[in-house]
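Multiple structures follow.
Two complexes follow with chain A in common, the first pairing it with chain B and the second with chain C.
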Partner chain A sequence: MRRSELHFDAVVIGAGTAGLVAGTRLAQGGAQVCVLAKGVGSTHLAPATIDVLGYAPDRVPAPRPALEQLIAARPDHPYALLGTDVVGEALSWFAEIVPRGPLPGYVYGGSLEHNQLLPTAVGALRPSALVPETMANGEASRLERVCIVGTPALRDFHPSLCAANLERAGIEARAVSVDVKLDRADMNTLGLARRFDDEKWRRQFCSELSLTLRAEEAVGLPAMLGLRDPHEVLADVEHRLGRRVFEIPTLPPSVPGMRLYEILRSALRAAGGRLVLGAEVVSCDREGDRVTAVSTHAAGRDLTYLAPWFVLASGGFASGAIELDSHWVTHERVLGLPLRGVPAEGEPRFTGSYFDEQPMARVGVAVDSDLRSEGAENVLVAGAALPGAIPWREGSGEGIALASGYRAAQVAGAQVTPTAATV
Partner chain B sequence: MVTLSTEVLVIGGGATGAGVAWDAALRGYDVVLVDRRDLAEGTSGRFHGLLHSGGRYAVKDPRAAEECIGENRILRRVAADCIEDTGGMFVTTPWDDAAYADRFAKGCADTGVDCEEIEPSEALAAEPRLDPKISRAFRVPDANIDVWKTVWAMGHGVQQRGGRLLPYHAVTAVHREGDEVTGARVRDTRTGDELDIHARVTVNATGAWAGQIADMAGIEGVRVLPGRGIMIAMNHRLVNTVINRCQMPTDGDIIVPIRTVSVIGTTDQHTDDPDDHTVSQTEVDAMLDDGEKLVPGFRRARALRVWTGVRPLFEDAKASDTDTRDVTRAHALLDHSQRDGVGRFFTITGGKLTTCRLMAEETVNAVVAHLGDTRPCTTATEPLPGSESGENYRLGERLGRKEANLLDDQIICECELVSRHRLEEAMTRTASTNLDDIRRQLRLGMGPCQGGFCIYRAAGILHGHDGLGAEQAGQSLLDFVQERWKGMWPVLYGDQLRQVRLDDWIFQGILDVEHLGV
Partner chain C sequence: MSGPDDGELFVAELLRGSLDHCVKCTICETACPVSNATPLFPGPKYAGPQSERYRVADEPTVDASVDYCSGCGICSQVCPQGVKIAEINAQARHKLKRQKGFPLRDRVITRPTWLGRAGTPTAPIANFTLRFKPFRILGEKVLGVHRDAPAPAFAGRRFSKWARKRAAGARVSADSPARKVVYFHGCGTEYYEPWEGEKVVEILEHNGFEVVVPKQDCCGLPLQSSGLFEEGRKVVIRLAKALRQHVTDEDTIIVGNATSCTLMLKREAREILSLQDDPDLKFVSERTYDICELLLELHHRGELKTDFSPINESVAYHAPCQQQGHWVGKPALDLLALVPGLDVREMNARCCGIAGTYGLKVEKYDIAMAVGRDLFDQVAASGAPAVACDSETCRWQIHHGTQLPSVHPIDYLHRAYGLAQNGAGRNGSG
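== the complex of A and B ==
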């Protein structure tokens, strides 16, 4: 069978934050870019705040100095390869592209100078560097009195537990439950966000809720303030309730994460990059130390993508791109690249206490200081595929994804001679 | 100190103890049942879920085979709702001694175990994932049994007849007055409160721990050798029939489909400590290899969790000088008045879940005789609460209920289809703040995500339901997260590790449960 071949300046594998950022930056630099992905990435699961460094291991009040300390203490950490300046640049770039995206007026705020503490669905206070405007009013220092609002129709958010834990953290909080009628019992925040997009439904919700509210209290809702126009939904709800309102991220699917995905996807498109979903990379061609092409099997046909540069942003164990098999051997499954951080044979992989650091936690694709894979000189690695971090524990996932995607594009872009658009 | 008087005190809330309590309550005795933990949290809750046909013992231990098939027929009626009639098969794989199959068929015929040889092609048509190289196949009436449902049904039956269940009450002393046992002192392990229980008869039904309780009564030589075995639950029903290798019983030769999973078992390692739950890598690897022999591709399925159970293997140090009881017999009933000259005290140990009713019957028969009463046993005909209709459990039952009420009730645990209504009802019924207790009643968090989604939901509902403090609700959540992890980490690979990473993101990344209240 003849293989269909497509040529690009760079091919990015993975459509999470890291892959979309790398693709967008490369495309903005004039390169012909294609982002290939099996499916959407972790954006749809995560709270969509940009967490740079939340715990090290104590709660981090200001990311910048804590980053410097982390870089000094852990030379194997992704941030040590990236450096604080790249993190700062990537964050600034991100904050600028958000308002140019498909969600009018929607912005992210914050900086590396201090972390914002936002309530989680269980009522803990989680540190984030950049947060969407829909969550900003939940910042703990701005909360004096708060009413956490849920609905029995939503099994993924429990306002009384959230409020009670906020009380433990010293915030005056109470909970209210609004009984909204829905057409099914198992509604999630995505279904409710679509209701919030509807102005009439929103009005009804607000009029029922306002009866239960007290003076001078802010309102925290599960993160469901609309998918299409969250800026307008927030403004409208705040206006109707006459108070500050904020979203609290909860169990997946993540509505703010879907917004983030739309923002990044539209930035890639606007820069001229291509995105192909449902295109799992099933094989690659190599010449010596270089990967020359990757192939996908999608929509019933095989396609081969050739490029001088590849960015591997396919994620770690969570996405399935890195796997530990039943014979206890660890593999990078997309390009077969060597890994780092795997416990030696006979050493424990996990320990019996869940909240201990697990020996397998820092496994990732082995790279040099330019994010270049040790197994292929023209493959750059970004995001959760990188070794050395425990992002879900450190609160560093989006920071690493954003900065490493940004950095990978710098490294590759510096060496890509943009081809004239080949039609 | 608070004191309590009863006729029959049963120590041990496993299948045997609950069976004894149920039997005694049916015969009209006032009963108190105590356990140091929750009901069926020891050996009973730590097996593969097999209701034996007796086939497994047909050659090795004909008497056990006869007991099993007899009890199998009874339990299908009286515990109908706890049993799924999957049927079972014994298959000869290329690794098995081909000559065993004929001995097996003869053994079944001799012991009355219903057994029908079928063509291997028929076996493969019924269970397409079996190794196509099987050379012989036999159908037997194996089934699966939900032990928690069974034990709690017995417990509810006891309560309905005025008996009392005291889970989380550990025996701290067994009371002796001269040559008689008169009861026990127990401590509520949650509150620390102590309670004295006076009883006309005390039954020690503590399985692998029976020697410890006998020691407290000043009785020597009750030696129970704990035999530790591991079991691994695989995601999905890799088979829908209980599959046994047709060979002399050994390790890793049986796969039991139960509820949404398949359980492979088991091993047998001697241990000195019945609370030893270590799982070795070697055992796990051996079990996965054994799985491949029955179901090729077994290793590519998700291993959800592993657990260990300890069989009580009784070895009576006094057997030679007291009676000629057959020491190979699966269970042992000790009347300590005859054995040790200590009255009003019985020990029942050994045995297997399939024969728990029979063990209870024999025990209570001895109690009745000891008390000079004549009260016949009715457990073979009286259905357990919930099993009155005589209908067996069907796999689609929960889904059927859900589909009938799509709009009425939320599903809290999607893997096991646990609805909010049933969760709240269980919280009320058990009055427990321990989500693991709730799990055993409803199978909450026992599916592929191992609680990733339902633990937060359940903790939120628990908090709202019980008016628990946030601290307690948070602790329940953390405890349950740790409890689920305990069974996962020794078998963590492949897609289950992927799942765990998603759960890491939920618990640590999204909810940040480690930093509550600060």
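== the complex of A and C ==
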């Protein structure tokens, strides 16, 4: 029986921010691209702000100078491989594609010159470089008086906790709960976002909420201002309430993250790139220092994808692409690439306090300055699979994903000659 | 094996084992078309990984809502951790219905072969009756099939008869021995849309294949999706044996145009019906292709004829859930892109709602229509005059929801090859 095979100019593994950006950029450059993913990626779980550098280790007011310092101090950090210019270019490119996407009028704002401090669901202030317009009004410097609004059906969002912590940060905050009629006892932000898409429901919500509001008070809502047309929903809610309104990121599912996924997915499709979900890469073919093909479990049999270039954007420990097995051996599970940053035999792998810097945390695929994997010269690595960063401490995950996906496409794209065979 | 024996328990345990990977990330919930349309189904995570801990073998079922899962399988496809959510829920639905009893309806509408055999010779009367409102109201009251649910018309002729006649006639002999393909046409082609099968055969022959059409029956998917596992096993194993007989060399493959039925052969029967080790099914499963999947693969090998004439039209394309379940992307889009002039608009809605027989059932019809609303609206917004879709029940639902003609993507390839002038093309499409 013949092997099932498809040919592409580049194959990207992973459909989170890094993979979708790499795939889109390659496709925009004229390459025939296929993005393979086991499932939907990290976008649906993250706040969808683009955090470039939030802590180093103190809170960073402006990412650009802090990036320069980080690059000088840590040559092993992904940002040192990418450089500030690439990060800036990637951010500008991203900000340009968002309004061309499927959400009319929806934009991201911000830059490397200034971190915006936005309230989290627990009322901490989190620094982000680029934020969606639906969150922009939550910027701490613009908040004097705020009302944090919850609804009893949304059980994972506690407006009073959020408000109390904002108070501690010096913002006059209070909490209200609006009991709106729903057809179920509990509902997550996804269900509520679909309600917000409905103009009639929205009107009812706003009229109930406006009874409880005080003058000169901004409104912070869990991120649920619609999936179809958040720009219009925000404008409408602000108009009805007669005040500034903003979204606060929530526990998953992340509504702004779903929007981000749709924006990136549709950019990929618009550029002619393909996306295959359910396609877990289970093996690869090699010729010396090159990977020549990857195979996925399709229904019934394996399907093999051949390409001159591969981008590994499969994530790190959190996605399961890198694992520490029960024999204390660390693996890159997708292509079996060599890792960097693994503590030496006998050195501590973890420290006792959860929030401390964990020695295992900087583990990633060993790459050169062009993001090429060691031992696989046609595999470029992007996103959380890169070594040297601790995104959850640095507030750097999306910045690294976006910029390294962008850069990987640059490196591969410069050498991809679009094939005539697969039009 | 065809009964609930050790093998079944083993596979069920494998499915269940995938639960350990669930991190409760809710990505399946964001993608579920049903839970986003009705509170009656709480969602794949609640009904699956979260409820599973209450499900104990040989204990009474704890389920009620899992019957509202349509079995579309999108949850398993989007899961980043590889949890077999839809498969686990199918097992739970089977147990629920086995304990609470199957309505007569579920035993009737899941037997397309019976219906087809009864309806074909009496097509004019049968079709009239199926469109006769008082009869449909009666059918709803007595049987529980919703009065407005889309009912395809019997073609009044059977595809297999055409195929036998064609096989008996003179075939143009090729210079080199042709590669053989065994055609699995399924019940939709046999009784309702024989012209789709005629087109498949002509396209394959145009590309140098010798097409063999074995005598065949249902794949058992409707039975499986209604929880009738024992009956489904018998039917799918019988089909696997029938197809396997004709695979006589290493190069021969099996191809089908009913995408949900080819998925049943490739994976669903093996996983959901716990037939992982059935030798006939395993053999068939590894060799089965969806028609667009096969043609795209040929194209990537440089073996597909691309002598396409222009078609200056636009068409909306919807990839049905079961096609997405093949985990091969959307081959139809790449193929349609080869036709000059054809303006293809990819729809981005999840599901048309029908899910095989789900949307026919009186208690589920409204849910199915609510699920399909996104797609129907997108089709209308696209302005396309027709909708291409790989699954027949989805095409009937799309036609029902949009009033537009809905055809298999290969219809466009068939036309672009110029095969419509002299060959098949006689259809009652719509």
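Keep in mind that, in the parts below, the second predicted complex is superposed on the first by the 419 of 423 C-alpha atoms of A that agree within 3 Å, B and C clash if a C-alpha of one lies under 4 Å from a C-alpha of the other, contacts with A are read in each partner's own complex, and residues count from 1 in each chain.
Just so we're on the same page, a residue touches a chain if its C-beta (ideal position, glycine included) is under 8 Å from a C-beta of that chain, and two chains touch if they have at least 3 such contacts.
What you see is a predicted model, and the numbers here were worked out from it, not measured in a lab.
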item	value
Simultaneous placement of chain C and chain B on chain A, clash or fit	fit
Partner chain in contact with A:D198 - chain B first, chain C second, else both or neither	neither
Touched partner set for A:G320, first chain B, second chain C, both or neither	both
Contacts of A:P252 with chain B and chain C, given as first, second, both or neither	both
First (chain B), second (chain C), both or neither touched by A:G352	first
First (chain B), second (chain C), both or neither touched by A:L45	both
Which of chain B and chain C A:D370 touches, first, second, both or neither	neither
Which superposed partner A:E172 touches (first chain B, second chain C, both, neither)	neither
First (chain B), second (chain C), both or neither touched by A:D183	both
Vertex chain A; arms to chain B and chain C (CA centroids, nearest 10 degrees)	90
Greater chain A contact set [chain C / chain B]	B
Which superposed partner A:A279 touches (first chain B, second chain C, both, neither)	second
Minimum C-alpha spacing, chains overlaid - chain B and chain C, in Å	5
Shared contact residues on chain A - chain B and chain C	45, 183-184, 252, 319-320
Contact set on chain C toward chain A in their complex	21, 25-27, 29-31, 36, 39, 76-82, 250-251, 253, 263, 265-267, 285-288, 296-297, 299-302, 324-330, 334, 337-338, 346, 348
Residue ranges of chain A in contact with chain C within the complex	1-2, 4-7, 34, 37-41, 44-45, 102, 183-184, 188, 190-191, 194, 252-253, 258, 266, 269, 274-280, 296-301, 303, 319-320, 421-423
Footprint of chain B on chain A - complex, ascending	42, 45-47, 55, 59, 120-126, 155-158, 160-161, 164-165, 167-169, 183-186, 249-252, 316-320, 323-328, 349-355, 358, 360, 391-393, 395, 397
Sites on chain B touched by chain A in the complex	288, 299-300, 303, 406-412, 420, 453, 456-457, 459-461, 463-464, 469-471, 473-474, 477, 481-482, 485-486, 489-490, 492-495, 497-498, 501-502, 504-506, 508-518
